[in-house]
């Protein structure tokens, strides 16, 4: 089984190629190609994961090309961490394929959509299987391409165009960081292989400064991909893509690639205390920062997007606080419940054809399946006990506390409170109360989505509940035991801090839910209570802390300004110099032409003068050949 | 001072005098006549250089043919007999250039001596030239004839009246 | 057969000229098809040459050498003979470039179907141009190199000046003047080298110049002389490449010349500059080249960033691509400046890859121009709707240009930067900013054309089948090199190793 | 053995050449210009003949060459005069400084 694991990414690639060829087919049954092939990937991934669970991983490589004596290799590697990722990615991908069959029904580029999904799945699975940094980087970029294509799927919409461009460019900034880190590491280690890098790091062959520098550069890549502060602005905008895409790429898999990267390179980070601290701080700040923005958003997908950013911050925080298992654990559970939430949101949008939560309401009765499933997702993400989110979040908090990062710990608690609040604000506004949407003429009644859409949600709903039991202090720490067999040496020591931590976390989430209930369900507290109390602050939060505007004013304006300046420079200075030379020559020619009086004798005199001068030179120097 | 030396000096003096007169006279016809002296004196110089045949040719062609042609030229184009002097500046500039040229060349040739000379050139001079011309230099010699022919035809066509063409056109 | 193979290859385009002579000049269709056939013939021979070429072998292959011109000069040290030979041969580097030339020429000939008038003289000049380009890469001595180098200039001048867009004449003149100055400098260098060493052969020259300084002193070759020669060579080729601030002619040519010619120009002619720097600069003056490495790298980064910055706000897609060429040539310099295996390989990869990518992009721009009658970005929008294949390939070309993995652009950028990071990490880090900017301007241009609301074009057909061939072939080549770079790097390795041996690293 | 040194002949030739050159460059009458050119050619002939007698390899070559020169000079004089006459017919002048068509 393990030897064949390189086939896993190739199934979606095949799907991509086939679907591009059948692009013109009107039949929507082409979707089954994609579903079937990703299904095969899923089956193989589960097989691989089970194989790794029982035994060892595998690593196979061959020479890709050579630079001088150095061989650049390609291959695949299966270890506990990426086997787990394989399952997550192929599972969510498979479910999203299925879901899209219903969601994209009737779109004129139906086949192309599935082709792009295939391309993305290929890249993501390839990324996970990569045994070296270079290969990871290549798939890393291809994943970005997939994301770009899918965000820009509705290419005729200017917003989609802008969002796609923004996503690509913002992540590219991160990618360049990763690139620099990777190349710097190469010259320290002489190889891109994880094994060799870790071995060199372990031997202490790299200076501390270099370690921190490379780790931070690689982290910049993760920041870009995972939408961490300050490169997070593309992720909410990426919601312009179709909702299944948001679920697959911008919730469950691609954005988690940043976390995966840090996890995969964990020995490097472990070797540098400073790098770990930066990771933790960035993660913690992102968590609370994004959560604060999520409080005020009106677009259902944007709320979820900010929540994604915030949860990714959590994962980074965990990794930065030596909570390796906690980070991966949260990645896993988050993939399930966030995909669930997005799919449910897609189902809602599918039903009501709007994304503005203020135009929804009272959908609980109409969407008999979607409603409860969304509730499960919301409860899970809020960290209500016994659901998956509770366990993973608890572990993050515990490891943060155990690592002595108390400030970040309390930030995380507040973020948990906010998470609970905005998730239930969303839930109450969408599913309870009066129906607020105006019925447009000829629009069909709100109805539940077809089973091809609800089935994936049910699967995810079940997983969102049970995934937490992968790693609990009560039943067993399967996940930690499993991950401990990987290349990463897990930090020792008990991460399960004081007993009061789960209590505090539960309290925070329940408080959040309660507050949301009071404001949006019971109306006990006025909705604009906070807005009125802190007008300035809420304004800032509503406008996403003006980060986008800030970038526009500084980076974008600066760059275009510089470019325009460069254009002027090019036209007037560079061209000008040339023009100056040519006009100079022309002037000289004109002066020279005045000497031409057309009389042979004058020319003759000039010629004689020339000869005389030459002769003089020859006479004075004694001649060239003598 | 050998006789040869004296002959050389006399001839050289004549030649240079002719040249100077060419520069200084104002009447065009006089100038040409002055130059005849130069040409004949050069023929004399050739004889001192044991080149009798060349000397004879020089007299025939230069002193005879070319001078006559030039005189014809002057008569055919008689425009103003007196030659006006060129502007002073131009004269000075040209004079300066040529003076410099003279000085440089003078410096280079004044001590030139290869130490060898052929004393037997005058023996059967014409015969030798004839043999050489018809053996070693036969191709250039024939080419010369072509050149002369071309020159002949060319001059006739150039000097032909254009009215003929105009009439032909009519 | 093999002894004459290269000469047959070089002069094979002349067959096309010969056949075209007998075709009446108004017979548009047969001229165009003969044009394509006439370029297919050299391609076929180039493939034969490739099959005769042994990748593993080092040094020159298929070499031919005939005495051509010889003269003697009396000097104080005695009689010195100055022989000039007709010498051609291929090594890994020139093999790759010859192949690129043959391929791009065929595709450009197909792209020339959109030429509107004077097809006969167009194709005759086109063939002469191809001959010049093949000759430049196959020549093994300075004299022959220079002759072929000049042969490329003249047809190019007419091709730009007669078949270009509105300001074609100005463009043609600035092309000629800049390149004329470049080749004048080149000529001086070549003559000086010839006078001092008495040989024009590349290998002998490299050998002579690598003699110990004591022996060189007898030939009156000082270190200063070498440095001067190298700087002059670099300037001459910098015009061709082009390097900031000598790039303005290239932008003008790219904007004004007909698309098929720009494919050739951007695809191959610019590469002569890179080829020259590698063969003459690094190959003959290794020590001096190394000492100038930082300056070359600096110019590389300047080129990269300057081109990218200017491409950001251009409103004409041709200008965007022209500045992107400036930017991409910076990567060539960056790779060369690294003076190590990966840098050199990266530079050559970039040469090949940019040749393919820019040929593809300019081809598509030509196709777009045919449909819109303009190349302003504002004239386009939503092309993806009516012309999905064109838009898709354009996007793919753009992505290749910004260095997406799996395409040739990535490999070359990666290797060039990998090389530079070893030697000058800070400069390289500054250079990586160019990677971001590249993404920004490429996406800006590509998205402005393909995405967004649809705008009216007077003709909105997708690529026709004759247009698809070049596009797909180029895309396939880009993907092939991107996925399987070993094919190219194996071919280059012996040659580059030899050059690097001289460079001592 | 001749007692006149080579340098004397060369000097004579140089003087005549300079005079001819000066005449060719300053005289306004085209006929005189032509004649001055003939004088220059003559000066050269003197050199040729002199070198035929005094040089490393003395021989007939110099004399024969001077014969060729004379032939060419004759042809030149004929063609030159023909041009002059054609010109005179068109422009009614033989003044060199009025012949400045090249300027236009």
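We call the chains A, B, C and D, going by the order they appear; numbering starts again at 1 in every chain.
Throughout what follows, a residue touches a chain if its C-beta (ideal position, glycine included) is under 8 Å from a C-beta of that chain, and two chains touch if they have at least 3 such contacts.
Just so we're clear, the structure is a prediction, and the values are computed from it rather than from any experiment.
Asker: If you tally contacting C-beta pairs, which comes out ahead, A-D or A-C? Let me know.
Answerer: A-C
Asker: In angstrom, rounded to a whole number, how far apart do the mean CA points of subunit B and subunit C lie?
Answerer: 61
Asker: For subunit A and subunit C, what's the span in angstrom between their mean Cα positions?
Answerer: Centres of subunit A and subunit C (C-alpha means) sit 38 Å apart.
Asker: Can you check how far apart subunit A and subunit D are, centre to centre, with Cα atoms defining each centre and the answer in Å?
Answerer: Using C-alpha averages as centres, the distance is 92 Å.
Asker: Between subunit A and subunit B, what is the separation of their C-alpha centroids in Å?
Answerer: Roughly 97 Å, centre to centre.
Asker: Give me the residue numbers in subunit C that touch at least two other chains, ranges are fine.
Answerer: none
Asker: Multi-chain contacts only, two chains or more: what residues does subunit D have there?
Answerer: 21, 25-26, 97 - these are the residues of subunit D that touch more than one other chain.
Asker: At least two partner chains per residue is the criterion; list those residues in subunit A.
Answerer: Expected reply: 601, 605, 608.
Asker: For this entry, which pairs of chains touch?
Answerer: Applying the touch rule to all chain pairs gives A-B, A-C, A-D, B-D.
Asker: Show me the residue ranges of subunit D that touch subunit A in the complex, using the header's touch definition.
Answerer: 21, 24-26, 33, 96-97, 99-104
Asker: Please name which positions on subunit A make contact with subunit C in the complex.
Answerer: 23, 63-70, 134, 137-139, 141-142, 145, 152, 155-156, 158, 160-161, 164-165, 168-169, 172-173, 175-176, 179-180, 183-184, 186-187, 559-560, 562-564, 566-567, 570, 574-575, 577-578, 582, 625-626
Asker: Would you tell me which residues of subunit A are touching subunit D in their complex?
Answerer: Per the stated touch rule, the residues are 596-601, 604-605, 608.
Asker: State the interface residues of subunit B toward subunit D in the complex, per the touch definition above.
Answerer: 2, 4-5, 8, 12, 15-16, 19-20, 22-23, 28, 31-32, 35, 38-39, 42, 45-46, 48-51, 53-54, 57-58, 61-62, 65-66, 69-70, 72-74, 76-77, 79, 83-84, 86, 90-91, 94-95, 98, 101-102, 105-106, 109-114, 116-119, 121, 125, 128-129, 132-133, 137, 140, 144, 147-148, 150-152, 154-156, 158-159, 161-162
Asker: Within the complex, which stretch of subunit C touches subunit A?
Answerer: Listed in rising order, the residues are 74-76, 174, 177, 244-245, 247-248, 306, 309-310, 312-314, 340-342, 345, 382, 384-385, 388, 399, 404-406, 410, 414-415, 417-418, 421-422, 425, 428-429, 432-433, 435-437, 439-440, 443-444, 447, 450-454, 484-486, 489-490, 493, 497, 500.
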